[in-house]
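Consider the two complexes below, in which chain A is the common component and chain B and chain C are the respective partners.
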Partner chain A sequence: MNVTRRRFLKICATGLGSSSVVALGFPVTKAQAEVRAFKLARSSETRNTCPYCSVSCGLIMHSLGDRAKNAESSIFHIEGDPDHPVNRGTLCPKGAGLVDFIHSPNRLKYPEYRAAGSDRWQRISWDEAFARVARWMKDDRDRNFLAKNAAGATVNRWLTTGFLAASASSNEAGYLTHKVIRNLGVLAFDNQARV
Partner chain B sequence: MNSGNNIKTPGELTPPSASIKPLLRPGRDIFAQRAARLRRLSRESSLGSYLAFLALLSDAQQHALDRFPPLPSRSIDPVFAPGGPPLAAASWGRDGAWRAGLTAILDELSQGGVPREVRDTVADLRASTENRLERLADQVLAGNLEGVAPGELPFIAAALQVYWVQMAVGLDEPDGNRLSPSGVCPVCGSPPVAGVVHASGSEQGLRYLCCSLCASQWHLVRLTCSACDATQGVDYYTLEGSDGAVKAEGCDSCGSYLKLFYLEKDGQMEPMADDLATLALDMLLEREGKASSGCNPFFHPGEVATTPI
Partner chain C sequence: MTNHWVDIKNANVIIVMGGNAAEAHPCGFKWVTEAKAHNQATLVVIDPRFTRSASVADLYAPVRTGTDIAFLGGVINYLLSKDRIQHEYVKSYTNASFLVAEGFTFEDGLFSGYDAGGRKYDRSTWAYQMGPDGYALVDETLQHPRCVFQLMKQHFSRYTPEAVSNICGTPRETFLKVCEIIATTSVPDRTLTFLYALGWTQHSTGSQIIRTAAMVQLLLGNIGMAGGGVNALRGHSNIQGLTDLGLLSDLLPGYLTLPREQETDFKAYLDKRSIKPLRPGQMSYWQNYPKFHVSLMKSWYGAAATKENNFCFDWLPKLDKVYDILQVFELMAQGQLNGYFCQGFNPLAAVPNKAKLVKALSKLKYLVVIDPLATETSCFWENHGEYHDVDSAKISTEVLRLPSTCFAEENGSLTNSGRWLQWHYQGARPPGEAKADTEIMAGIFLKIRELYRKEGGPFPDAIANLTWNYQIPAAPSPEELAMEYNGKALEDLTDPKDPTKVILKKGQQLDGFGQLKDDGSTACGCWIYSGAWTEKGNLMARRDNSDPSGLGNTLNWGFAWPANRRVLYNRASCDTTGKPWDPKRKLVYWDGAKWAGADVPDLKPDAAPADGMGPFIMQAEGVGRLFALDKMAEGPFPEHYEPFETPIDTNPLHPKVISNPAARVFRGDADEFGKGQQYPYAATTYRLTEHFHYWTKHTRLSSIMQPEQFVEIGEELAREKGIRGGDKVRVWSHRGSIKAVAVVTKRIRPLKVNGKTVHHVGIPIHWGFKGVARKGYLANVLTPFVGDANTQTPEFKSFLVNLEKA
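== the complex of A and B ==
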């Protein structure tokens, strides 16, 4: 059925002076004056997925600010998404603490590296991090990749490296992870595509 | 082991339901609850004396509902709009009992310490012909505010609410039909007053829209504009420094807003009453160029300024 929608109404366009309140003999001066004391604050509610585990609970994140490109928005509250079919608004204790995870002073925000024998972490660039990880993977795979087993059957496996991918990944990310990591011969890996 | 532990046994907590109830029916004490809330708000609101008057009006509605005569049973199979709301406000053939309810409400409000303007309006309505009252009802139910005087709207709407609540409470159809857009009542097709985000039981955290006529509540997924179903560009407005119990959900796509009451912050809130206690939010949003997609039949703005959809 096609419902004809009403128009949107400007409730206070005429400053309440000709409203029902006045027509029935009640004062509006206080209400008219009161509004000068108030300012409007704007916030956002945004859907997201909990990053902790493969259950992938739905979240609603509350943040201040109006999503303008040049303004940093600040998340002040996270609740379970009551409309989400997986968790219907519930969260486990870890998920319920997510807002502290976001604002934690110990939160890892960029790659860090601790050299063998060193007692401290140093910040490195993403390019450096990727290059180092790729180098270690290549070296380890070259040393330990098994094309055939003892019986001579082709196995193409690489058992000395494991891989753990994010839980809040989309199907597409899960597919790519599977293709890339399986193609290398890695057997020990887990990601959201399992669920 | 400590025998006095606080471990819950199964059944003590209401788990979230696997299926969301699409519709919540009004209780038969809806007007008494509204009156209590209006009375409480009247003590601190800047529109206090008006809210105190509306508390009397709501009391009168409750008394009219309590004494409402049994209605002849009608099959709810709308000829006018198959698949539409079963009690469609726009096309329902009204029983004259609604006018009896109006008379009872007017009788109750003609006594006591009400302003002269109220007594005059009540006297005018009591002297009105059946034809005039039916015409006014048609205008109110069509949302045509130009066709009804600001002083008369609350009384006509109050009587129509009593009639529709009486029917909605007794409706045996389980769900009503889901309409598109989602912002009209699936029971009677009327616009919402506001939305509530529930705080307890299996409805915890879910948003329901509250019908301005029959007081049914229907579920709508949160973070969705109730007027145009947009999910992008939906923002939330509050009075700066408030605790976030009352927010206006504003939509960039259609330029409308609707108030939401978060019962977790204040479980006493009631949509009709608290909507009128938060007019400052409406005034500020109008300065931002937004217009309300809600409708509160206890408040006629006087001149009708609208934006087309």
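== the complex of A and C ==
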């Protein structure tokens, strides 16, 4: 019989339950309803990659909820992907705690604004946030954009705003970030490659 | 990495230096264990601390921080003077035989062309002698006094075992043992791999340290071989990807370069980068630069980029200098920046000299932080007592904090250290209203575009015409973006050999960068990633882990750039006739008509060995460079310079030139360097296996395992200072002071350097004033504001401190 890993877990969950219950002398049919299946057996699995170091270990993330549109799924367990050729199922102490990163109490949930001189955050909407950022940028760019340098050469650069990009974000996010930022004329542009 | 994680298992000798893979890259280190267990490999660890990597090594060599060039220079001297090199490889695959220009000299620590006022070199003499045919002159006997081989011998002859031991503090006998182990791999059927990380990059001489290792590998014939190479174990999961995609001041995607402001002519810009071969019959692959560049412009500007307008060449911003992170914080501290964005980057912790950073951020008008977590940078205006003592009322910077998703909440690809692009999938919804980075960038861009449409403003062309054909403009999908950087045909593409045959129809995804054109008929956002999403679909998502050759090159797992090649320069794994140096490492071979094998050949597939095309196809010479020409800021050969803060206050090789003469030092920062008399201890920062930078102090498990800030000192220093393990100590540099628990250890031993005893102080970096771990000091309170002369990577690994019982 060709048993996949997931199916194996499911067989164990019921198989182990019934045999040990029989050993205890309970009537099987009644007791079976009491046996709790392994939590992993009814979870959804998603393949991902550890976002920490560049070993980029393959992950299996286990979530409850079947990822249907209106069902909230929450990841409750992360383990190494045994099929991954580099980590072959293992994770280091950092990767083993990944589920706590997803659920860290310090995850940000809403856009927030801090006014000049203030000592607190103030929650705002995304519309307000985007409008404010765009206004700041445009005002600064309009005032300081340099179309030509002293020698009269076209330079089309904007030096008074800078951007640091994230080396844990995906290639797709990185590509789009580069496309947007460079085309505003930004040269003060960097990422963690140096640090 | 020239090679990749699994390939480490093929090595016979593994050198871990400038890194500590067992703790910082634990699941990659398993391949070291594999090599030891199944390939009888020898592991050598060279580090100031007896790390966990060292604890499983066959040989541990202590070394003073910041002296790696002296150590490796000594290795080169050993290999050359004892004639332990791979002769055929050195002769055919390196520039050992090339003749160097007569004006090139090296005297008293300086190469020819130094300008002391500008702290930089005129590099015009760092060149080859050229023949009348336009090719470089060579002497294949390697005897000519001006050939690279002879000059190199002479340059490194000063790095005797005694000189090495005097500078590095490594016992002479231990150093010689390391040399002998390394030299065993000069035969064709043994290989050595170097594994390094930030312990090499974070020095004012970082790039040259890595170059010295590459030179060792060229001399031994270990580049291009399975189990060989120079392997950077990169820090972040996608730092390789972001570098490849060119998110740096002076780059464009795929290592294309932005024009300098003097480069006003499009054709001249392309010609300068379309490097012509320096020897007959060489590929010099950068000759294709115009194809890569024009295809990028078509990808960004679509129909607006035409031959007539030079494919919008004028639209690109032109550089007057490079705005690296140190330069930018210097300008910010001077009040010359108004706005700053931090996307998943916590510079208040990650850039040196925290006091300067706080001052700089306080001068901004606006700061926008895009992050999944509440970072210190976003809260730089909050008062956290002794850990971060600022007056919020006096900081007028407006701050916006935008919540982004984390890895688990998005689809996309990351590029690992071995250049593999691997696709991942969303497993949950983000918390609250958090959005993906792609949506946030789109949201900002669409708003700005709208403002320019309504109000006008300076040079709106690049903004107005930027291609934005995404199904949902406010949320470009990762799939659409991946297809965009792979590239597509904008016209029907025909077979160059048979113009009647259409190989790709208009609109189809490209198979790879070989199909790119410089006439505007192809679009491609990042040429080296071309091949990742073709008409066959998303190759980054492939999950076939079979490995038919047994060498670990799982060609159908994910996609490796370039062209799905797993080991770079693999042509060099064969001799000049195309036969593998070692039949057990048959990466590629010449089958009589073409190159074949277990990897994608790194050469023109039909280039017959007899035609002499060299294996280093990106270089104009086709060979590896032992002499770097004008490519490095501080010289064509590596030279030992002391860290800017050195405990011996001199350079034993040339006391008048102590530290890197070509490193950029800003005026105020020079005054902030400390001297050995006041700050006698050599400090170095590092990471712990339980933590990842400044993130995991926000996660419960890591914070339970390593809850509290500490510093490590050796038993001898502890005894001298009356410090016992568990005591609180104060550690200070010329820039600031921190308090932490002392861990007193046998792992750090005093070293004898230039007649003096040097103690190291180890400073793990993982604490700060935000998180679920106990509050601590950001370690960069202590670190100096100076970087490598080429990359400007800060010198976090070597500086000076003093300490006392708190």
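The definition used in the following text is that the second predicted complex is superposed on the first by the 104 of 195 C-alpha atoms of A that agree within 3 Å, B and C clash if a C-alpha of one lies under 4 Å from a C-alpha of the other, contacts with A are read in each partner's own complex, and residues count from 1 in each chain.
Heads up, the rule we're going with is that a contact is a pair of C-beta atoms (placed from the backbone, for glycine too) under 8 Å apart; a residue touches a chain by one contact, two chains touch by 3 or more.
Just so we're clear, the structure is a prediction, and the values are computed from it rather than from any experiment.
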Contacts of A:47 with chain B and chain C, given as first, second, both or neither: both
Contacts of A:116 with chain B and chain C, given as first, second, both or neither: second
Partner chain in contact with A:100 - chain B first, chain C second, else both or neither: second
Which superposed partner A:154 touches (first chain B, second chain C, both, neither): second
Which superposed partner A:83 touches (first chain B, second chain C, both, neither): both
Partner chain(s) touched by A:172 [first = chain B, second = chain C, both, neither]: second
Most chain A residues touched (candidates chain B, chain C): C
Chain B and chain C contact sites that coincide on chain A, given as residue numbers: 44, 46-47, 80, 83, 87-88, 90
List of chain A residues in touch with chain B within their complex: 1, 3, 5-14, 16-28, 30-31, 33-35, 38-47, 60, 66-67, 79-83, 87-90
Chain C-facing residues of chain A, complex: 44, 46-59, 61, 63, 72-75, 80, 83-88, 90-98, 100-102, 104-119, 121, 126, 129-138, 140-142, 144-145, 147, 149, 151, 153-180, 182-195
Chain B residues within the chain A interface of the complex: 16-18, 20, 46-47, 49-50, 53, 81-84, 114-118, 121, 143, 145, 149-151, 153-154, 177, 179-181, 183-184, 189, 191, 204-206, 221-223, 227, 234-242, 244, 247, 254-256, 279-286, 288, 291-295, 298-309
